[in-house]
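Both complexes shown next keep chain A, but they swap its partner, so chain B is in the first and chain C is in the second.
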Partner chain A sequence: MADAALTSLLAEDSIRLDAVASDRFDAVRQCGAALVAAGAVDESYVDAMIQRENTVSTFVGEGVAIPHGTLAGKESVKRDALVVLRFPDGVDWDGNAVSVCVGIAAAGGGHIALLSQLAEILLDPDKAEQLRNATSAEQVYTLLTPDEDDD
Partner chain B sequence: MTTIDGSSIKKLIVACDAGMGSSVMLAGQLKKQLKKSGVVVEHSPVAHIPQDADVVVTQAGLADRAQGVVPDVPVVPFQLFLGDPKVAKIVKAIQDGTTVEV
Partner chain C sequence: MPERTVSIASSVGLHARPASLFSQAAAKAGVPVTLTTKAGKSVNAASILGILSLGIGHGEEVTLSADGDGADAALDSLVELLSTDLDKE
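What follows is the complex of A and B.
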């Protein structure tokens, strides 16, 4: 993925590395607010994200959760976009500790390559730790850029 | 327990509620793992699982809904997003053309 493609999906303003949340629903709302701020979704999408979190947790392991809406909530999506919120103090996610949330809004498939790369990070404990400890947007972009030799 | 015949799988569906987050991530992984076997891996919202699927994997909390959509297709619930032992078993059965109980 070229840099331009990555930044159009995940804007630098949408990477927040020092967020604080009182609980996981607060964290999901903050991800939703960031997606609203990015112009990717209507306000109503945030409720769909909360609903989804209530039904099935979006915790995916390695201290990472990927809050997103429901199928019905897709109508509130204006364009594919991601946000990355880091909670250095951690958030209790129904018994799991989460320190990075990747909020997702998707109407199409523009985000597929980026999510595949996120899966690669989660399968590599060293990279997952780098993501949890990222202190600059640059580091986040580097981690989320697919490896050149990736077949 | 569900019996899966790896050699008969042509299309594997990863289903989640919206088909935009969790299933996309797992489908990307399985596509890579199953590239050589020629199996089609797609992600889908539970409500839209294609009827010609040979096997469906989905989060445990969504398995009943998935089974309701495709009553005749084996639905395998998983707990862990990445590295779930059941999903690994299915991948291996497809790669080796063997039969597994999951």
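What follows is the complex of A and C.
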């Protein structure tokens, strides 16, 4: 598979394990700020992320949300990137509890492959739980690395 | 079992927003709906993670199937949803 590995898009300082947000829009803004800090997007992408969240929740289940921009926001993407923000106290996401946000910046069609890889991981309830409870960046990397062998 | 085959109209494929709207509609369908790709992978249509994991692109064909009371009507409305470009802002 030629898909870019999730971990190659995630810088170590783009993993925050003890974030606190007052509500889901605050959490989305923090994901956006982390993408800006990573040099992946312009400030305007953050607005596109808020807009997307307003139209439809990016909650995907398993205590995870995947904030990302609208199609219109793609011009503000400089390079594809991921950020992982963990909210140990949880964030109320329109009635669902979210403890991990995976913020996504993707300019082209890379989006679908990225989401597919991420969803594959989260469909494994054990992995999803480990991600919710991760206490080190290393654990996050390990979880996002596709299984190469069968152990 | 009633089933319908439809190709994905959303220009970006069946990912975040279209996938979310579709799985919400499937969850409200009243009958369990299964989505199967051309490659033969099946998921519960109401599971957004299941849908996302398939990475379905624009124009790809999928088959929806359901059984039970109202299955035909549920499939018709879900097919209509997939035949619409759900990513229009």
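Rule of thumb we're sticking to: the second predicted complex is superposed on the first by the 132 of 151 C-alpha atoms of A that agree within 3 Å, B and C clash if a C-alpha of one lies under 4 Å from a C-alpha of the other, contacts with A are read in each partner's own complex, and residues count from 1 in each chain.
Rule of thumb we're sticking to: contacts are C-beta pairs under 8 Å (C-beta built on N, C-alpha and C of every residue); 3 or more make two chains touch, one makes a residue touch a chain.
Worth saying up front: this structure is predicted, and the values here are computed from it rather than measured.
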First, second, both or neither for A:G73, with chain B first and chain C second: first
First, second, both or neither for A:V56, with chain B first and chain C second: both
Which of chain B and chain C A:L118 touches, first, second, both or neither: both
Contact residues common to both interfaces of chain A (with chain B and with chain C): 52, 55-56, 58, 60-61, 66, 68, 70-71, 111-112, 115-116, 118-119, 122-123
In the complex, chain A residues that touch chain C: 52, 55-58, 60-62, 66, 68, 70-72, 109, 111-113, 115-116, 118-120, 122-123
Of chain A, residues touching chain B in the complex: 52, 55-56, 58-61, 66, 68-71, 73-74, 104-106, 111-112, 115-116, 118-119, 122-123
For the chain C and chain A complex, residues of the former touching the latter: 12-13, 15-17, 20-21, 47-57, 87, 89
For the chain B and chain A complex, residues of the former touching the latter: 16-22, 24-26, 28-29, 32, 45, 47, 59, 61-62, 80-83
